[in-house]
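Two complexes, one shared chain (subunit A), two partners (subunit B, subunit C).
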Partner chain A sequence: MVRSKGYPEALENKLIDRVLYDSDRSPEFTKVVEEISRTIPHMCYQCGTCTASCPSAPRSTYRIRKFVRRVVMGLENEALTDPDLWLCTTCYSCTDRCPRDIAPTDVIMAMRNLAFKRDIIPVNFLKTVQAIYTTGHGVPNNDVNRAARKKLGLEADPPTTHKFPQYIKGIQKILDYYKLKANADRIVKEREG
Partner chain B sequence: MENMHEYAFYLGCIAPNRYPGAEAAAIRTSEKLGVKLLPLEGASCCPAPGAFGSIDLNVWMAMAARNLVLAEKMKKDIALVCNGCYKSIWEVNHKLKHNDDLRDRVNEVLKEIDMEYKGTINVYHLAELLYNPEICGVEKIRGSITNPLTGTRIAVHYGCHLMKPRKDRDFSVDAVSKTEAPHWMEEMVEALGAEAVEYRNKMQCCGAGGGVRGYDIVHSLDITNEKLINLKEVGVDALTDICPFCQLQFDRGQIEIQEKFGVSYGLPVLHYCELLGLAQGMSPQELALDLHAINCEPFLAKVL
Partner chain C sequence: MADTKKNKKESPAKKVVKVEGVPQSFSPKKEEEKKQARIGVLICHCGTNIAGSIDIKALEEYTKTLPNVAFVDNYQYVCSTPGQKKITDAIAQHNLTGTVVAACSPRLHEPTFRTATKEGGLNPFRFEMANIREQNSWVHMHDGEGATEKAKDAVRIAVAKASLLEDLIPKSVLVEKAAMVVGAGVAGMQAALDLANAGIKTYLIETLPTIGGRMSQLDKTFPTLDCSQCILTPKMVDVGRAPNIELMTYTEVDAVEGYIGNFDVTLRKKASGVLSMAQAEAMGISGGGCNGCGDCEPVCPVIKPNDFEMGMKPRKAIYISHPQVVPLLYTIDFDSCVKCGLCVTVCGDKKAIDLEMKDEFVKVKVGTVVLALGFELFPIEKKEEWGYKRFENVITSLEFERLICASGPTGGHLVRPSDGKTPKKVAFILCAGSRDNTGIGKPYCSRFCCMYSLKHAHQIIEKIPGVQPYIFYMDIRSFGKMYEEFYYRIQDEGTKFIRGRVSHILEDPATKNLMVHSDDTLLDQPFRLEADLVVLATAVQPSVDTDRTRKLFGVSCSMDGWLLEAHPKLNPCGTTTAGVFLAGVCQGPKDIPDTVASAEGAASAASIPIHMGEVELEPYFAQCIEEKCAGCGMCVNLCPYKALALIEKEGRTVMEVTEAKCKGCGTCGGFCPGGAIWMQHFATPQIIGQIDAFLLGGAQ
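Up next, the complex of A and B:
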């Protein structure tokens, strides 16, 4: 039987009441998440509308409401090291419905940005970066598709960076400006050798 | 031809590189409807909002801004056919137009490649343009049909990033702004002569976004599978979408669901442009429907 990651065994453990120690809190974390996300998690009153709207919740231990709470409490380590951080599909249903006008999705995105600064990032995200660095496309063309395009009367390569590879330089400069390619290469190599 | 509305056609990745029939159909069908799609030379991936946004929102914005500048140089508004692209291209345009700090930050990077984002163009999804009576409208679509899809039951998958989050969107047509129980795509389907079918939890995500498809494929497919179960409950001949990434998730996803969960649906999944192409008399060959993972024949048998 195929399984998704860590469900249901991990759920009970995750939802258990715990003591909060001041030493685990980073008020700075709350501030930085608010800055990056440009939304207002501190307004959250924990109604749970977000989790109730979330397609990822019923099939995992991922609870968006809990992540919003962690931000408010400044529980940086707990939030950034939880693998559930990567189960948000960014469907924005929670954001559409939050009665406090918070954008929980953008709170997740901000935390993912912070996790990446600590090298916490699934490899598949980095492979998209690598593909775009070399071709300009996250999902590049291939021979089967080229043949099909020609039959349709389209050019074998679309008029993107595929047909005009001279534009790839500019893309590489943007990615290099943020040292994104170098970091992606380094992390992929560390993980996969 | 009278009054063609011209746009820079932003292609993205999955339409041109996996479902080229959707690209061909978009160009040919909209030309019959007074919308001319011009090539946007040198465009790249939007970039993928899930992957890039998660890594660094600043890179996401700078990369999307580069695509926007290409259209600014053409002095054309952008039209596109993918919700994921809409999220990147429309939303970054919107953010940069309204936030000086973000625009300055992006322009500092673009300076390195002799570009400057100015905020001179708008971005639209082609579906939204076709629905808009000021550009095209449902009646004009109906009038362009030579091969009505009569007798077929078709459900709509709206996807997420065109319309959500509602508070960060700004459509001129009111019907497109409704995110809980929208009906405008159903109107577009009925214009083709088909019966548009409602189903449980229609607005649920396909499961692919946010990098989840790559991170935990089983989790991602389980979300897709829930939608397929709901679709099976009402019985449809095809599912239509306005996002090639959703399309990939439903189309190839059904093969993966068969492998991993042991259930099969055989439900053809067509981009609205492909559907419109069929209804305007394009052949399955002209739409490269043979590239689809799920055989479209049972559906085609009803409409050809």
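Up next, the complex of A and C:
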């Protein structure tokens, strides 16, 4: 948390207090994340196996180890407002290799859920929700895919809601129950007008 | 001690009548039933350990209301000298028949309070302990009221038992003046030398053909960098020469019977196919037997990998592991020998080789035993991400030791297994399989990998110009004497330390170079290194035969397989089996200084019963009430310690207990259909008394 001393703005920015005060920590956050994720981030010994395994890390500023540390320290705002939270590809390499048997991927998923409760979510994730609502697919089939499938001797559309659109209703029922679509529509509208 | 025994005999209410054919242990009880029990109870605060949650005053007031209680008091620390004096004084002042202390676990202070009871003039086995700390105040720290109620139960039960306790006389057994050390690595050798130097005949058993163990495979030792063989071989020679040591290599423990003071151990001398000079002499082959000339080895047509060199050097079917073996005797590996007889021919008149040799069984009797069973490496190929056994240039630390050692397969030139080239960038990966909670790997710290990896980094800097060592670490644990200074030195020499665990290694199929993936956690940046060679500081685990051997001696192990000491702090060399001691890594990972210290501790502990000449056994023996015994013999087969037998007595068949073998487990007593077995100190009336006291709330 940044503490100002009332200097002129430029000086103020230079002299921002960058200390992490223990009082800034929210121990409750650690507990909530552990409850949702059903894993044990508090056992992390910061070896870095997760970041080293991560396919996102080499090409971004996403650092899974840092996110786990934020959970351990109870740094709720830093964790939930960091846009890097959404760069995990959920490949589960970190979970496979973690020597402390933590599931860092599930920790990230838990924090994404908490962030969404505060409307913190990139628009492309919401568009995925809308796509699932209308087609039953996060990445719906397209003409390029259809051609590729035919070439491989497959049907143009897979035996999912693409082939059986009558089941889309069921998916919509689930999404509506959790108000996922309504929330997605609302946030997209707020951001994009 | 003799004095107090005499006093006991003179005191009233002792062994007045000795009923014919009935063990004396319960005949006095019948006499004493007439006499009202008078129990003294002392309640310990243990500082705030107990008094912090249990209401001592309330407990004391309650205790006063219990039947048979003649005296109650409390004290800060009953185990202190004034605390013990309270027990001693109360026995005389209040004419007590038994004592109870409500305090910690009997594992900690039962002997203390028994001694105090004895000093007060009572038989020490008239003492009973109520555990109100480990099983109460510590676990119910936040529920004082509940804890106090539970403490009342515990004291009431203890008083009930103390009221029914009887005098018991410990049994003494003579101790065989010989010891056995199993395993002849540096721990076993040190323990054997110490025992032998203390004047004790010592059998040193080693399953391999040579002594020396893991330490003889090492090149140099941290932090002093002395050559491992140079400091070990003199000890090996001493062991070979010591007149008090009977060295038995290529030998395994096959069976163990008996108990402290009298272990009967059956040893299997595996067929080595080669006669020693002494053996040849005994067989009348004058001047014959193996003199280690080595003529047999070149003619042998069978080639096998040498385990001593981690399989990186060949050996023949008739072989010695390395030039400094003790004893200098060739061994035939009969699993691979084709019995062509070429070695027999070349051996000639020495007639040292016997291709028809069979395993031999030898029985020895010893008073005490030291287990020094050692360790092996965790099969690190199970951690697939590091590619051991998939990538040629990923090796273990023990393979590194052989490659850097002047007497090793490459004459001390560290080379890449793939192409024999000298590596210029070498990655050392710490905690390879250690500190791992995934189930594939070991949860513990292997304790010496940090230090030997620092040493490895130093060794390549010393030997290879322009080399760059990298140490991938999570923590550097350099806690021993001069260890941190050694860390400083290695860092100063130019080793790069990367604080990050290696997630995975990929091999370039063309160059066989290795791409090491890690996170530089201090920079918070993923780190990649193209290394020529990767050395895995592999976790250690108990050696393959540990589990079988420990079961023979009745020693427990912890979850990770290391042998369980009697107390991790106060009795690290002892085990729960009297007379069996632990030395070295088999108890848990140790570096060489700690291993030697542990071996000296074990040898000292193992020599005590032998020097005392006899040991006292706790008298918790089963006793046969012969007038009730029907001689059915069902108990004989149930006894896990082979302590029971049927005998003929006065025309009847009855059971007899060999007291020294009986551990008082109660299996026979619980089973006996006629109720003819009396478990001393845990007798049925005593246990019923405890149950009644618990369930009936004090009203008997």
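Please note the rule applied: the second predicted complex is superposed on the first by the 150 of 193 C-alpha atoms of A that agree within 3 Å, B and C clash if a C-alpha of one lies under 4 Å from a C-alpha of the other, contacts with A are read in each partner's own complex, and residues count from 1 in each chain.
As a working rule, contacts are C-beta pairs under 8 Å (C-beta built on N, C-alpha and C of every residue); 3 or more make two chains touch, one makes a residue touch a chain.
Computed from a prediction, not measured in an experiment: that's the story for all the values here.
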Exercise. Taking the superposition as given, does A:39 touch the first partner, subunit B, the second, subunit C, both, or neither?
Worked result: neither
Exercise. Who does A:105 touch here: subunit B (first), subunit C (second), both, or neither?
Worked result: first
For this session: Return first, second, both or neither, reflecting whether A:63 touches subunit B, subunit C, both chains, or no partner chain.
Result: second
Exercise. More residues of subunit A are touched by which partner: subunit B or subunit C?
Worked result: B
Exercise. Looking at the overlay, what does A:129 touch: subunit B (first), subunit C (second), both, or neither?
Worked result: first
For this session: Based on the superposed arrangement, let me know which partner A:140 touches: subunit B (first), subunit C (second), both, or neither?
Result: first
Exercise. Between subunit B (first) and subunit C (second), which does A:55 come into contact with in this model arrangement: first, second, both, or neither?
Worked result: first
Problem set entry | Interface residues of subunit A shared between complexes with subunit B and subunit C | 93, 101
For this session: Would you pull the subunit B residues touching subunit A in the complex into a rising list?
Result: 11, 13-14, 16-18, 20-21, 23-24, 39-45, 47-59, 62-63, 66, 109-110, 112-113, 115, 160-161, 164-168, 179-180, 203-205, 207-212, 214-216, 218-220, 222-223, 226, 260-261, 285-288, 291
Exercise. Taking the complex as given, what residues does subunit A use to touch subunit B?
Worked result: 2-5, 36, 55-56, 59-60, 86-93, 95-96, 101, 103, 105, 109-110, 112-113, 116, 121-122, 124-129, 132, 136-142, 144-145, 148-149, 151-154, 158-164, 166-171, 173-175, 177-178, 180
For this session: Write out the stretch or stretches of subunit A touching subunit C in their complex.
Result: 43, 45-54, 57-58, 63, 65-66, 93, 97-101
Exercise. Considering the complex alone, what residue numbers of subunit C touch subunit A?
Worked result: 385, 431, 435-439, 441, 474, 499-504, 517-521, 524, 526-527
